[in-house]
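To keep things simple, chains are lettered A, B, C and D as they appear, and every chain counts its residues starting from 1.
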Amino acid sequence: MMIDQPTAAYTLGEMEQKAACCVPSPILQVRDLAVYYGNNAVLADVSLDIHKGCITALIGPSGCGKTSFLSTLNRLTDYHPGVQVRGQILFDGHNLRQESVDTLALRRRIGMIFQRPNPFPLSIRRNLDLPLKEHGVRDPHLRKRKIKQALKDVGLWDEVCDRLDSSALSLSGGQQQRLCIARALVLEPEILLMDEPCSALDPISSRVVEELIMRLRGRYTLVIVTHNLAQARRVANYVGFFWMRERVGKLIEFGQCRQLFEAPTDALTAAYVSGAQG
Amino acid sequence: MMAKCLDHLRSKDGRWNASLALLTAGMVALLLTILLFLMSEAWPFLISADTGHGGNRLFTNLLQNPGWYPLEGRFGLAPMILASLAVMLGAILIALPLGLINGIYLEFYASAAFARGFRLLLNLLAGIPSVVFGLWGLTRLVPWITQWQPPGASLLAAILVLSLMILPTIALTSASALASVPRELHTGAIALGLRRTSQIIHIMLPAARSGIVAGTILAAARALGETMAVLMVAGNVVQIPATLFEPVRVLTANMALEMAYAVGEHRASLFASGLLLTLVVWGLSWMAYRLGRHQRKFARHD
Amino acid sequence: MIDRVFSTVVFAAAALVVAALVWVLTDVVSEGAARISWAFLVTEPRDAGRAGGIAPVLVSTLWVLVIALAAALPLGLGVAIWLSEFAPKQRGFAAYTGITLDVLAGIPSIVYGLFGNAFFSVYMGLGYSLLAGGLTLACMILPVFIRTCESGLRQVSDDWRQGAWALGMTRAAAVCHVLLPAARPAILAGLVLGIGRATAETAALLFTSGYVDRMPESPLDSGRVLAVHIFDLSMNVTGGDGAAYGSALVLIVLIVLLNGLAQSLVDNWFKRRISQ
Amino acid sequence: MFQRLTGLLLAVALCLSAYGVQAADNRLILTGSSTVAPLVLEMAKRYEQQHPQVRIDVQTGGSTRGVNDTRTGLAHIGMASRNLKPTETGLRVHTIAIDGVGIIVHRSNPISSLSNTQIIDIYTGKIRNWKDVGGRDLSITVVNKAEGHSTLELFLNYFALKNSQVRPSIIIGDNEQGIKTVAGNPGAIGYVSIGAAEFSQARGVTIKRLPLEGVAASVAEVQAHRFPLARPLNLLTGKSPSPLARRFIAFAQSEAVADLIADQFFVVPR
């Protein structure tokens, strides 16, 4: 197993840097969102705004509906039999929950990264090539350029440029996760949803990915689910705190990162974040 | 509704879904045809009332053993059902202990290189067509038994050939069942200072039990459904054998022998025996499946 | 002490089994090798198979195999994909399909022979022909093939499905580009199983493809496959045992070769899908 | 990928049906009696030599299969080594040769004749050892035919037996299998077509024929109408056979095949 070397090689150079946020201009507006599995509500009454170019972290204990919330944003819930979603999600002013929305195009604009790295059992190149082809990028030179750029953006290029045709599964865990991020970036999405992107990685790889996330701020809008409060505090501009109430997940508090961590309005939030501090 | 369907067909996934579902429906229709066809062909035999003795003909045929003489209108399946069961049980009785011990040998005793060669041999033999085993039985085993106790073509010959046929399968499935026992269990047994024999008999075998049983049941299903190898060496006389050296005819061999010219009730009775075999083999496979699932659960929980 | 007794028993049993299996194998190989020559493979049988070769029998065997696989593989793969990826999970139609398949996988081959004779030969009017035989075998290997492929696809990690969907790929694209390559071992196993059963089958072919031992000119001709040839030589031909062993050896070698071929073909095809 | 596969399958299907249309006129399928089959096979070979575009396939399976296949249309011509039963309607019979059914034992067996009662006792299981009929101390292996074969029906009729009275040790199908079984077992007794038995003996197979009621089981005795267990070998067709089937039957009944009938140890019908 290779361990990512935190040397200059992976430094995420070349990325266009924008001001580290954050003029509050909402790109996603969630209103009264509820998610049901069969007849059981797992999430209810969620209303929040995701702001363009910012990092929004969602924290809270396991099983309180954060991942379900994330999957509603790119309508991956469509694929989960028995799941019903109610409420409104406005993306650029249009409700993305309408039947007529082209979900495939939507998912190109809203990418997603999962907890466990899931590169396809294909070559490294084909992992990035496949989504491009599927979205109709026919010019092979263009695809090649985009693949190179995406790999550079996540700092993988120098590590894999000489073995693009070997299996993606031969990479280490951290490299695999960065490849998955590259695979999402190659489609040039506007929003990137990340479901505990670091929790399955060793501390060093985790640091590298976290640093990458920081670098993506400004160019992309990021929504991150994390259990690591310290991480949330380090990277996020906005933080949402979820908690189970009467066996239904609720958004307890949502606000600017510093405000939520240092002066939470809700007692529950205070207890949760101070528990982490202590 | 209509418009929604059309809309659905317009997307690539919708088209795939629709065409594959159609394909599946077509195939299920074809396969159901096979089952329905079997039943409809067997139907006259299943329902026909016995005019002579009263009561249902099927019942009489199965239980009262009037013998199998189609020319005389007597269709007693009992001797052949018993023969099928006897051949299967005999084969299992020989192949199970031997196969199991070979599984143990492969997992715990054989050197790595030899085990690889042995596995290769077993895999090769598991893939050998039954007709080749039948040929071997007919030209080697039957003359050999004839010298000893004529006529040679007998229940014993059928049992021996079948047990050779299913031995590789049982050995391989037992070995893989033993291999899938969690490693900690074995190391635990070693750490307790158990003797090797006790490790295997008291720890490993019980842990691998359901996998071994499932493999054995599958082998039994194969033995029950086997036609050619048995047909070639069993002598094919319809009777309830008194000794191992008497010839028998099993249900499958009966179908192969008589199908070509059977008509009317005779034909229906052959299809009925096919249906019967199908049900029994299906029951056996289902049991194997349940046990196999149990084994997997067991492995996961540890 | 007990250990020693036990290990003696184990070694003795292993030796017994190895001896028995090697006995069968060497018999077939030595008796068969004495008969096999190039001429044996390329000439027609004469004198009911006592003399001459097995050329038409080999050709018929390959015809039946090709017809069976050509019918069973696309159909089977399609159905397996639908069952594992598209069908509503474990409800209604899909569940019944699963049960039907299980029942059908348990039907002894001779029963498929009865069905093939009545359905393909008589009802469809194909007569005793390689086509009728091949289609009967296709029915026979379909249930097992579908079940193997389906469970192979189901075992593919959901992570990859989610990943593909999250990239805005259609289900169809996910199946073609990600799931099928990932399910390769199961598909290969199903294929090998199908080849093995189709090449070795005798009972189902007696009443469908018949046993005319002449060179088939088209799939509508009757033809005798190797397994039936071995059966006929050993049962019905005095002095036919030598040729039967020769044919048996050819059949075994053929099965081994076909399995190797299937392996390399599948590997190659998937290798192209994986890199590119 | 799937469109391409479907296309391929369609193309294959089209080719096949084209083949079928072309092939149907020149093909003839015969099934039935294993006694008649070797003779018809030789006739078919000669006919094919004279008419190269014709293809004739011959398969065995018993007389009753010949009857059934002809009635279902699986075969153009059926072969039967017996006359039709009253229930088997809708067929035409064309006799092409005469044959007898003879008792055979292993060549090493010292017995040279058996009376009808002895044969009945052996077949009904009253006598189980050769020494009871004056032979060696060797248990008797009774070889019986499977039902559906006319040789069995003829045999049972002649000895006034029912099949349920017979206590067989082995059941066999075709003549050849009976000969092979007897040749491989010194204690065996069986009954087969005389033509097939003589044909095998001429090639050195280890069997011998026993006389029946003092009449030697040979072609000559069948020809002289002295052998008691004789039967016709027939070809069967539906009421309106195809022109090719008609021509082949005419050929099979002509002088042009008399030598083939003699070679197979059968008798040309008068």
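Heads up, the rule we're going with is that contacts are C-beta pairs under 8 Å (C-beta built on N, C-alpha and C of every residue); 3 or more make two chains touch, one makes a residue touch a chain.
As the structure is a prediction and not an experimental result, all values here were calculated from the model.
Chemist: Quick check on the contact graph: shortest path length from chain B to chain C, in steps?
Modeler: The fewest steps needed to get from chain B to chain C is 1.
Chemist: Give the chains in contact with both chain B and chain D, ordered by label.
Modeler: Per touch definition, common to chain B and chain D: C.
Chemist: Name the chain whose C-alpha centroid is most distant from the C-alpha centroid of chain C.
Modeler: Of all the other chains, the one whose centre lies farthest from chain C is A.
Chemist: I'd like to verify one number: the distance from the centre of chain A to the centre of chain D, where each centre is the average of its C-alpha atoms, in whole angstrom.
Modeler: Computed from C-alpha means, the inter-chain centre distance equals 80 Å.
Chemist: Roughly how far is chain C from chain D, centre to centre by C-alpha average, rounded to an integer in Å?
Modeler: 34
Chemist: Report the inter-chain centroid distance for chain A and chain C in whole angstrom, where each centroid is the mean of the CA atoms.
Modeler: Whole-Å distance between the two chain centres: 48.
Chemist: For chain A and chain B, what's the span in angstrom between their mean Cα positions?
Modeler: 53
Chemist: For chain D, what residues touch not just one other chain but two or more?
Modeler: 2, 173
Chemist: For chain C, what residues touch not just one other chain but two or more?
Modeler: Residues 78, 170, 173, 235.
Chemist: If a residue has to touch 2 or more other chains to count, which residues of chain B qualify?
Modeler: 260
Chemist: If you connect every pair of chains that touch, what shape comes out? Choose line, ring, star, complete or other.
Modeler: Shape = other; not a path, cycle, star or full graph.
Chemist: By the document's touch rule, what are all the touching chain pairs in this structure?
Modeler: A-C, B-C, B-D, C-D
Chemist: Under the touch definition given earlier, write down the residues of chain C that touch chain D in their complex.
Modeler: 48, 70, 74, 78, 121-122, 125, 127-128, 131, 176, 210-212, 214, 217-222, 235-239
Chemist: Any idea which chain D residues touch chain C in the complex?
Modeler: 1-2, 5-6, 9, 12, 16, 19-20, 23, 27, 29, 31, 34, 38, 55, 57-60, 72-74, 173-174, 176-177, 179-180, 183, 200, 205
Chemist: Quick one: which bits of chain C touch chain A in the complex? Just the residue numbers, please.
Modeler: 88-89, 157, 159-170, 173, 177-178, 181-182, 273-276
Chemist: Flag every residue of chain B that touches chain D in the complex, lowest number first.
Modeler: Of all residues in chain B, those touching chain D are 19, 67, 69-72, 74, 143, 146, 150-153, 235-238, 247, 249, 257-258, 260-263.
Chemist: Provide the residue numbers of chain D that touch chain B in the complex, in ascending order.
Modeler: Where chain D meets chain B, its residues are 2, 61-65, 67-68, 138-139, 141, 144, 146-148, 153, 162-164, 168-173, 184-185, 187-188.
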